[in-house]
Structures are given as structure tokens and as C-alpha cells.
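Alright, structures below, take your time with them.
What follows is a pair of complexes built around subunit A, which joins subunit B in one and subunit C in the other.
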Partner chain A sequence: MKKIIIVLSLFLSINASAVNKDFFDNVIIANVNQSIDSSTNLIILIEQGDQQAAKISFSNLVRDWKKVEATYLLGDLNENYLDTPRYIDIFHGNNEDIKPQLDLIIESDDDLSYAIYKHSHKTINALEYILFSKDISTPRVKAIALIMAKSISSYLTEILDGYQTHQTQFLKNEQYASAILLNALVAGTYKLKEWRIGDVAGLSKKYKGEPNNHRAEYALSGNSILAIKSILATHQQVINSNKYKDFGDIAREFGANKEIDTAIRNLKKSIASANKIQDENFVGIQGQALYNATNALMKSYYISLMDRLGFVSKVLDADGD
Partner chain B sequence: MKAQKRFAVSAALTVAMVVTTAQAFWGNNEANPLLTTYADIATANYTDALNDAKTLQTSLKGFTNNPTSASMANAKATWLNARESYGTTEAFRLSNGPIDAEEGWHAEAYGAPEGQLNAWPLDENMIDYTTDAKGNTTSGNIIDTTGMFNPGGEKPTTVNVSTITSDALAALNENGGDANVATGYHAIEFLLWGQDQDYSNFMKDGVTNGALVAGQRTVVDYTTAKNADRRKQYLNAASALIVSDLEAMVAAWADGDDTNYKAALLGNNSDSSKNIDEKTALSQIFSGLGVFIKSELANERIAVAVLTPSEEDEHSCFSDNTHRDITQNYQGFKNLIFGTYNGVDFGAAPIDVMKDKSTLMALIKSADTKVNQMNALAQTSRHFDHQIRPNDSQAKQIKKLKNELRSIGDQMIYVSRANGIDLTVDDVTDGEETKL
Partner chain C sequence: MLTEINPLEYLLSPNKRIYWIFLLSSLLIALAYLWINPRDRRINFSKKLWLHPSAMLDYGYFVFMAIFKVLVILPILFGAKEVTLWVNSALLDQYGFTRLEGFSYTQIMLMFTISLFLISDFTRYWLHRFLHAVPWLWEFHKVHHSAKVLNPLTFYRVHPVESLLFGLRYSLSIGLITGVFIFLFGALIDIYDILGVNILAFVFSIIGSNLRHSHIRLGFGEKFEKFLISPFQHQIHHSKHHVDTNFGGFLAIWDWIFGTLTLSKGVERLKLGIKTDEMKNFRNIRNLLFFPIFSIFNKLKCLFK
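Right, the complex of A and B next:
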């Protein structure tokens, strides 16, 4: 496991404006609201016992949750929210194999109120296993799926409340807001290229030369490329929108025209490469192209843009384990 | 232990280092006062830990010679007491010192016994019977095997346990994998308290029901139960190892020996090739303190337990003494930051020269409050394994404590900078810490 440290100094001499309320409402809040809507819809479909519709709805939840995750800043605004994403998603963050544990819970007759006590048992990863490998017409399985979906929805609502509570804090210190935003982009891009693409395509340090599509984030449900596209679409929201003043506009205000143009170009390449991935197959030339494009995107954030903007210090966990 | 900081600079200790730089800075042959304080606290703390371990050993001999409820209670009391002084010594870990150095003359000379003293978490099924998730009693462990024992795991080697000796236990420790723990405080803890966790679901708490109830092994296991004599052998063999390992630590930190580790740390070893460059020493100490508080204590010992949540991942899961482990580990860190031990000022401290210590002090004050609350509740209301339950209000407080301890670890960057040593966040974080 390798830890990359990025240090980010907080714009000591910069006084221009940064991301503002329009950005906050159009990206941060709108994405959380969309994910809550998706989770609510999924709960309804599970309650109705419509597994096929629930599977489609699950894809929507994956798409919308990845948008929230891609710009998750709340832990930087209040450390009490640092761990909240872990209660929704354990991809690459939990060594335990939850599948046999969930099988035991299904097979047992323990009261579900305490049988599902682990946070990992109520995540989107656990819900994927239930929806795509179990039959929710079985009352106990359906009840388990509902507990999971409701838990995810509850944490998404907690995130929305948190953002609303800390909106003033985010907007008051725009320099800090921009710093943590760029930091989130860098961290997210590293995980995107290394975990979500490199580990699967056999291009990461850990799995060099050992590709395996089963390592993909949502291999069971076939939503892995959807998740990647959603993350990249969120980056588009952050750096290249014409609807509100975004981070790209801020970068230009600070004279980083060349650097942000490069980042946008690499982002477009990444999106184009993601669109070429067929049948969730990351192995081969298409996976390589996507890995290269996202690697270039990360470098354009991490090296060029940060350097140009005077960002010098902040920690970024970039776990290559 | 799971979290092991591998220092790129550790090799520096193995090569000849000349102390001319230190002498030029501090003048004459005076050792750096920060290192002197650190080393003197180590001397005092390891001496206390050894004495408490000897008391434990004596009580275990008394218990095994005459196993009664009273002598068993006394053995448990001495184990709990021994954990107090050992707990503060853990702050000396991860600094390339004699307790857990991975290479160098001192690793060889003192045996780096941390993994033999305090390995955790352990697979208790390897030691003695438990009640499994289906309610069945397990077998095939060291206690009930009377010939060659295969610990299982990855590339295990068999060991003759016809008689349970210190050598046999040492050969079995971490043989086949990190969880195959046969020695140390926690092996003894299991043999005194027994299983507390309900493996089928810790929320059910069906093995030893109650928020203030720890493991309930009875004295019968040492009187009329099958293999009672082997359990006695085990306790005595394991306690002998603890004592011998701590004797090695006391020797490493003893005063008046110009050949030991303390002399090398202070630049006074008669073999000048063993003397440690002052900046290297300080860097490793500050880095080690940061890694210990941030990655080992906050992450491995608190976060894993509370964020999972998992009783299995609390530190002293048989005796429910985890609240004291956390308290004493944290106290050990503070001892070295403030240069004090048992309320006595030992001299120059790292925090002394910090111009702005307000952030660090605020974090410590807040963490103190949460540690005190965790202790108070563990004694009167519910043990740590109940405090981490998902719906317990205390779980949020313990998560906050975890976050504060991690921030305190990051503050070591500023502590070290104030003392002329540059560290990065990477230096105070174990790159292999558990990701949650």
C-alpha cells in the first residue's frame, strides 16, 4: 500500500472569489437530493417485491451515490461526518467478505433487528449481493433488502442535513472550499484509475499483469462502468459547466487557463474512453486507454493545477493496496 | 501487532553513526535533554512493567499450585494491574527501539519481543476450547493436544506440546499466521477469563450475558476439568516468557551500562558504532509517537472495533479491560510528550518549545474528557464492547475520540518541527493501517 501525500497550502495570498452558492446548490445539494430520491424509489420497489424494477432502480442509486461520493466534502467541514460514506459503501475499504456473513443471516432465524448489526451489512455493496443473487419474494430476504435500502437512504439524508447545516461554513471560507474541492477531485481520480480501473485491468501496482473483471466495483450487478461514467460526469459538473460558476472558472481567474484546459481535455478523453468499454470488460486495449486517460486526468489535477494554483499542502489518501 | 511501521530510516540505526553533530549542538558529551527524558521514562516504565509482571507470575504460580476461586481472582487482579504499567510502555513502540525494531544490533540483542508479549488479535480457538457460532464446544487446540500440534494457517510447522513449555509456546506464536497467538498477556487473559464473545452475533451476547459481564471461565477448568494440569502448565510457561521478555527490555534501558541501547540512544555507548545520530533518534521517536497514537491506537484499536462494530476487535476482549488499554496507551503517549511519568517531571519535553500549542492542547483536553467518560461508563454502566454497539450513544463519542487521536497524531508534525525535525503526514501514519 502506498500513501501519496499531497500538501496543500491554503491560498495565503489569494483574495478572489471561489466556488459559490450556485455551485453548492447545483452540484453538492442537487446530487445528494437525487440520490435520496433514488433510494426512496428503490425502497418502494423492494416493498412491492418487484425485483426486476428494483434492480434497475439499484443502478440509478449507484449512479447517483457515486456523484455524492465523488465530491464528498462533508468530513472536511465537520469531522463527525468523516465516516459516513463508510456506512454506505465499503468498496476497497473493508477486508471482510460480507457474502458468507449475509448468507448466515439469511439462513438463521435471529431477529433482524440485531442480526444485521454490522455497518458493512447495510451498505450498497451488501444490497447489490441481495438484489442480484437472492430472491426478494422470500420475506426474510425482502426484509433484509429493505433494512439495507433504508439505511442507505437514512445516511444520504444525514449527508444532506450535514451539508445544509454547514453550507454557511463552506461558502464563508471560499478559499478553503476550493481547496477541499480540488483535494476531493484528486483523491477521487486516484481511486478511479487505480482501484476501479487499474486493479481490474491488471494495470495497478497491486495487480500488475493480472487482469480480472471480477474485481470491478459492481461486478455482480454489472454497474461498474456506469459508476465510472457517473464519477466522470461529476467532474464535468465541477470543472466544466456553463450553468454556474464552477471550479474551472475559478482556475481561470487565477491564471491557470492552460492547466484547466488540459484537465478538461483529459476529462473528455476519459469520458470517451469509458463510453468505449463494452460488456463491463476492462481487460485489453479499451481498459488500457481508460486507465491512461484517467491517469492523465489525475496528473493534470494533482501536478499541474495544484501547482499553478499554489496549492501546496493537504493530505490525500491514495491507497494502492 | 498488526500495524508495523517500517521506517526507511531504520537502516540508519544499523550503521555506524557518529555523534559529532549532536555534540557540536549540545556541547561536550551532554546528551540531548529530550532524549535523556525519553530514555529515563523508558527505564522507569519498563522497570515497573517488569515488577508487575513478576507479581503476575507469582500469583499465577500460587493459583496453579492451589486453584481456588480466591486465588483465581487474585491472579486476575494481578493481570489487570500488570496491564496498567505495560500499557504505557506501548508508546515506545514503532520508534525502532528495542521493543519492536525490525533490524539492527538491538533487534538481535533484545529480541524485539513485542509480538511475543502483546500479540493481538488472537485466535483463542488455537489455545483452548470455545463455544462456536452454533453452540458447539471446539477442540483441537494446544490444551487438548498431547503430542505434536499443528497450528494451521499458512506454512505452519508442528510443535511438540506433550508438555507445555515456554519454548513450545514461543515456537507456536504467530506460527502459521498473525492470528496464531500462543504467548503474551492476551493468551493468559483468555486462560483466566475465557470467552466473552458470542460468535454467532455479538449483539446477542448469549455466552456471557450482560453489559458489565466479562468472560466467565470457572476455577473448575483448573481443578477437576479435563486438561486442568495443562492449563496450569500453559499459564506458568506464558508468564515466564513475559517476565524474560521484559527483563530484556529493562536491560536495554538500564542505567549504568555503557553497552546497552539506552547508552546508544544517548550517544554514550562504548561501541561508538552503535551510537545513534541525534536527529535520527528524534525523528524516529516523533514519528513513532505519531504512528502509535494515530494508526495503532486510534485506527487499529478503536476505529476497527467501533466502526465495524466488532467485539472481536476490541483489545482485551476476554476480560473487558479494553477501556484501560486505551487509557494507558494514551497516557503513555502523553507521558512522552509532556516528559512526565506517574506525575513526576522527568525533564525537557517535546512540547516545551512549541510556541503555539493551543490546537494540540485543545485536542488533548477533549480526548481526556472522552477517555474519562469511557472509563466511568465501563466501571458503572457498560463495558467497551457494549459502548460500541451501533445504537449506543457512546459509540459516537468513541468515534469522536478516534478522530481526535488521529488529529493528535498529525500534530506530531508540529511538535517535531518545533524541535528541529521535519516530518510529513506520511511519517506519522502507518501506510499499512487497516482501511475501513
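Right, the complex of A and C next:
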């Protein structure tokens, strides 16, 4: 009997530590649903030919897509979904300049179903170019914008289906779930710090001392800082929410109070720094502060990662013989 | 800090060589060995062995070092975590963000577990070999080899400088491997462990690691001893005539590859300890701590005369 109670309490404690369904529904699924709604709304506005409203709706899509991207775990659950985000967004994932290619497509008379054959032509980056530098009252431009928005919406729906299919897989293995979640946070913070801030502010290794606001992720539409804030807000959802049991709560259960507190503090600093950026200008002291804050955030995630490993205690006496 | 001082912790922590399960498994193996080899019973059950002045010094020194390590060595030692962070950060600076995809969680865990074990054993081999080959390091390592009789606590009969070097070795080697793995796989790394100890280290510890410092002449046979260091092979290392062989921790392959392997076969009588005229320099805790420093100082003095 005693044995049964021990086994049962162990089982319960393991389950209590898991990233639970509440988290999955409130963060992962909710964010994808919101992004699908934004893309659907954008499709409607493009169909109506309301460019101004479409531009505002595009900002919403950027905000919601970044939330999905910040915690994209589906590729780890099923490798068939590894490339899906690249079909939606090619920031830093593709070296080609799609603008002249899109210009050619607009100017030509080719059937659009053949002309827009590349994935990169149907991404959010391509859509930004069309919405913010072309006139969608022109039928061909409008048709192109629609193909793009529908493609994005379709991939977002594919992501939702994928998550729903693999939900059990995510929830059943707490160790793996927290590992891929933490990996998403770490990867996201690196890209945030280095690509979205450092490259623009001239602080990354690649562009050291050569700041240029045109390198920002959504320089054309002026949504770059919105994208950054959205990514940071998603991190807030993951590590510091009081609505459901989040990753921070789980870290605390494992005694990593100090580490998670540091991460939350650095996240708050990053959000505060992002709020101070004016007019999409990353150059100067504000850009530097944001870069430093996100760098500290990344470091605190790495430290959490190492504490999760607990490798220090996993080796026998460091003495020799 | 003072609350961390607890020599009993050594018996209760699976990270320690003398964890009670490892001691128990060694005891059971020893009893089985003695049942098969009755001629070795006399020495192993003899009071003279367990109460020998060298053994008594081991017991006292163990308690002293358990305190000394917490108060002096640990605070000055940088950890594997710092090295990991540095390695990962250097790789990020050099190559940018990288993730190796296409490996399953199980494969990554397996690779990490084996890599940690191999690098740890490999660096142990080389540090141990340097402790013998470099004259000033040998002065410190003599403390360990000055044991006239062996018991599980002889493992801890090492000079603080040697402890520090092994701590550094640990931080650097484990930090390096972990930093590289984190860079390549992020949080997807973990190790297969038993009670928090690398499964390989645990298995090798349970099969008689405490008999390395004992008078149980357990060999593994010619074939296995090229791969795994047997307790008797380590006892051979403690003998005056074979002191420059069998440096390995768990694995014998390093000794085999680098030409320092001595198999059990053919080795009969062991004379443990160091040169007879030097044994008198290691009779008490004060000797163990200060004689190596005194000796190095004298050598330096002669050198600069």
C-alpha cells in the first residue's frame, strides 16, 4: 500500500510539473488563432480595395504572426513542419532581393498562378512591399496581394492543425516540451538582439559601427518596433503570466527562483527599452539600451538552460586518483 | 558556507566516490572475491591493515579536506557553468546562431552523455599523467602515492593543489563540451543518469571503483583490461615499480593508446608507496599539506643558486 502511495504521489508530482493544457491553449493555440483572424481580416480588406485599412490590418498581422513565430515549436514535434515559418516570413532566411522580382511580376502579363511560383513571393515580407509601395486599386496588384495574404492565412491554418494534431505529444513529455520551449525562447532572443536590433543599430558583429534603420525587419511599413514588442510580449506570456501555469512557475517548482526572477527582470527591462524607441529609430542610446537588455535576457535564458541541466551535480567527485 | 561542511554527505551523495551504494557494491564484490580467493582473506580482514598509521592518516585527512575544500578550494574555483557560458558566447560571436537539426532527442542525449563521460575520463588520464611527469606536480601527487596501505578513503588523500587542478580540469572539460552542445542543440541536451549521476559513471562506479584503493586484487582479464581499468591495475599503479603506468580512471583505452598500460597478468608482488627515504615526509596532515611546498621551494632555491 505504501508503495502504491509513493508511486501515485510521484506520478502526480510529475504531472503537476508539466507544461499543461492551459498553457498550450492560452499561448500556443490562442496566438495562432489570433493570427488567423488577422489574416482573414486582411484578406477581406484587400478584397474591398481599402488600402489604408489593409495597412492597419497588416500591422495586426505582423503583431500576431510574431507571437506565433516566437514560440514556434511545431517543427520540433514533427519535422515536416520545420520549414513552414519560412513560407510565411523570409527575414534573414533568404538572401534574394524579392522587390525587383515582384516589380517584374506586376509589370508582366503572365498568369499570376505561374508568375508567383516562389514561396518567397507569398511571404509577409512580399506583402509588406506590395501594400506599402504599390496601389492595390490596380486589379493585378490587388490580385497579387490577395494571393500573398491567402497563402499566409493557409500556412497559419496548417500550423493550427499541426498543433492540434500534436498537442498530446507536446503535453505528454514535460522534459521535451520544456526543452523545445526554452529553445524557442533562446533562439528568438538571439534573433531579436542580433538581427532585429544589433544589425540595425550597428551593434552586431556583422554591422559593427554601421547603423542603418533601413535594415529593420519592417522598415518599409514602420512595424519593426511593433514586431519586437510583440515578441517580448510573447516571452511575457511564456515566463510571467498569472492566468495559467507558465514556464516560470515550472522553473520555480524546480527551485530556479533566482534564475527565473533574473529572466523576468531582464524581460521587463527589454520591454521598457523597446517602449522608449521613437519613430523606428534604433540608432543611438535607445537602440543600445534595447540591445543590452535583450542580450542580458538571452544570457539569463542560457543560465536557466544550464540550471535545468544541473550538470554540475551529475559528475562524480572532481578529484583524481 | 559552514552548513555545507558535512563529511557524512560523502556517504549520502551519489556524486561521491564513497556513496554508500558504491561502497556496498564494492563490499559485496570484495566478499565474493575473498570467497573465491581465500589466501587474500588474512590481509583484508587484518586489523593491521585498517588501523595502519597510513590508513589512520587517510581517515583524518579525509575529514580535514572535507572542511578545507568547502572553505578554501570551492570559493576560488570557477565553475563549469561559467566556462559553458563563455564557450557558447564565443561560438555565437564567431558563427552566429546555429542549430543542428535532424537529430532526435534520444540521439542528442546519447551523444551528450557519452561525450561528457569520454572527455572527463580522457582529461583525467592526462592530468594524472602530468602529475607524474612534471616534477613540481609530482611533488604534490606524492601525497597520494605516499599511502603505504590502500582503503577507499585513500582516494581523497590528495594535496589541495591537486584538488584544485582536478576541479579546473572538470570545469574546463565539462564546460567546453556543454558549451558546444548548447550551441548546437540548445535546451535539447540532457544526460542519461541514475540518481543524478551520468549513467556510465554510475555503472562503472558500482562495479567496484572503491576497490581501486584496496587490497582486493581483482583483475578483469587480459582482454577487458585493455578497455577498462580493473581495481588491481590501479593497485599496480600504486606500486613503486609501475608508478608510471595505468593512469586511467574508468577506461584503459587511453593507457593502451598512449603506451602506459600494464595488465594484471604477470604482476605478483606489489610494493606500495614511494621511495623508502621519502615516506617519512608524509606521516601526518601537516606533512601532507606543507612538505610538497617545502620541497618545491628547496628545488627552486637550488635552481637559482
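As a working rule, the second predicted complex is superposed on the first by the 288 of 321 C-alpha atoms of A that agree within 3 Å, B and C clash if a C-alpha of one lies under 4 Å from a C-alpha of the other, contacts with A are read in each partner's own complex, and residues count from 1 in each chain.
Following the convention adopted for this analysis, contacts are C-beta pairs under 8 Å (C-beta built on N, C-alpha and C of every residue); 3 or more make two chains touch, one makes a residue touch a chain.
Predicted model, so just to flag it, every value in this text is computed and none were measured.
Legend: residue contacts after superposition of the two complexes on their common chain; A:23 is shown touching neither subunit B nor subunit C.
Of the two partner chains, subunit C is the only one touched by A:191; subunit B is not. When both complexes are overlaid on chain A, the residue A:205 reaches subunit C alone and has no touch with subunit B. In the superposed model, A:82 makes contact with both subunit B and subunit C.
By the touch criterion defined above, A:65 lies against neither subunit B nor subunit C after alignment on the C-alpha atoms of chain A.
Look at A:299: by the touch rule set out above, it reaches subunit C but stays clear of subunit B.
Taking subunit B and subunit C in turn and counting the residues of subunit A each one touches, the greater count comes from C. Of the two partner chains placed around the shared chain by superposition, subunit B is the only one that A:115 touches, whereas subunit C remains out of contact. In the superposed model, A:254 lies in contact with neither subunit B nor subunit C.
Looking at the shared chain after the overlay, A:176 reaches subunit C, while subunit B stays out of its contact range. Comparing the two complexes, residues 79, 82, 315, 319, 321 of subunit A contact subunit B in one case and subunit C in the other.
Taken together, the subunit A residues at the contact with subunit C in this complex read 75, 79, 82, 175-176, 178-183, 186-187, 190-191, 194, 205, 299, 302-303, 305-306, 308-321. Residue ranges on subunit A touching subunit B, taken from their complex, read 1-3, 5, 7, 79-80, 82-83, 86, 92-95, 104, 108, 110, 114-115, 117-120, 315, 319, 321. Note for the complex: subunit C touches subunit A at residues 15-17, 79-81, 84-85, 88, 92-93, 96-97, 99, 101-102, 105, 116, 120, 124, 127-128, 131, 144, 155-156, 158, 162-163, 166-167, 169-170, 174, 178, 182, 186-191, 193, 196-198, 201, 205, 212-213, 234, 249.
The residues of subunit B lying in touch with subunit A in their complex are 133, 200-204, 307-310, 389-390, 396, 399-400, 403, 407, 424-426, 429, 431-432, 434-436.
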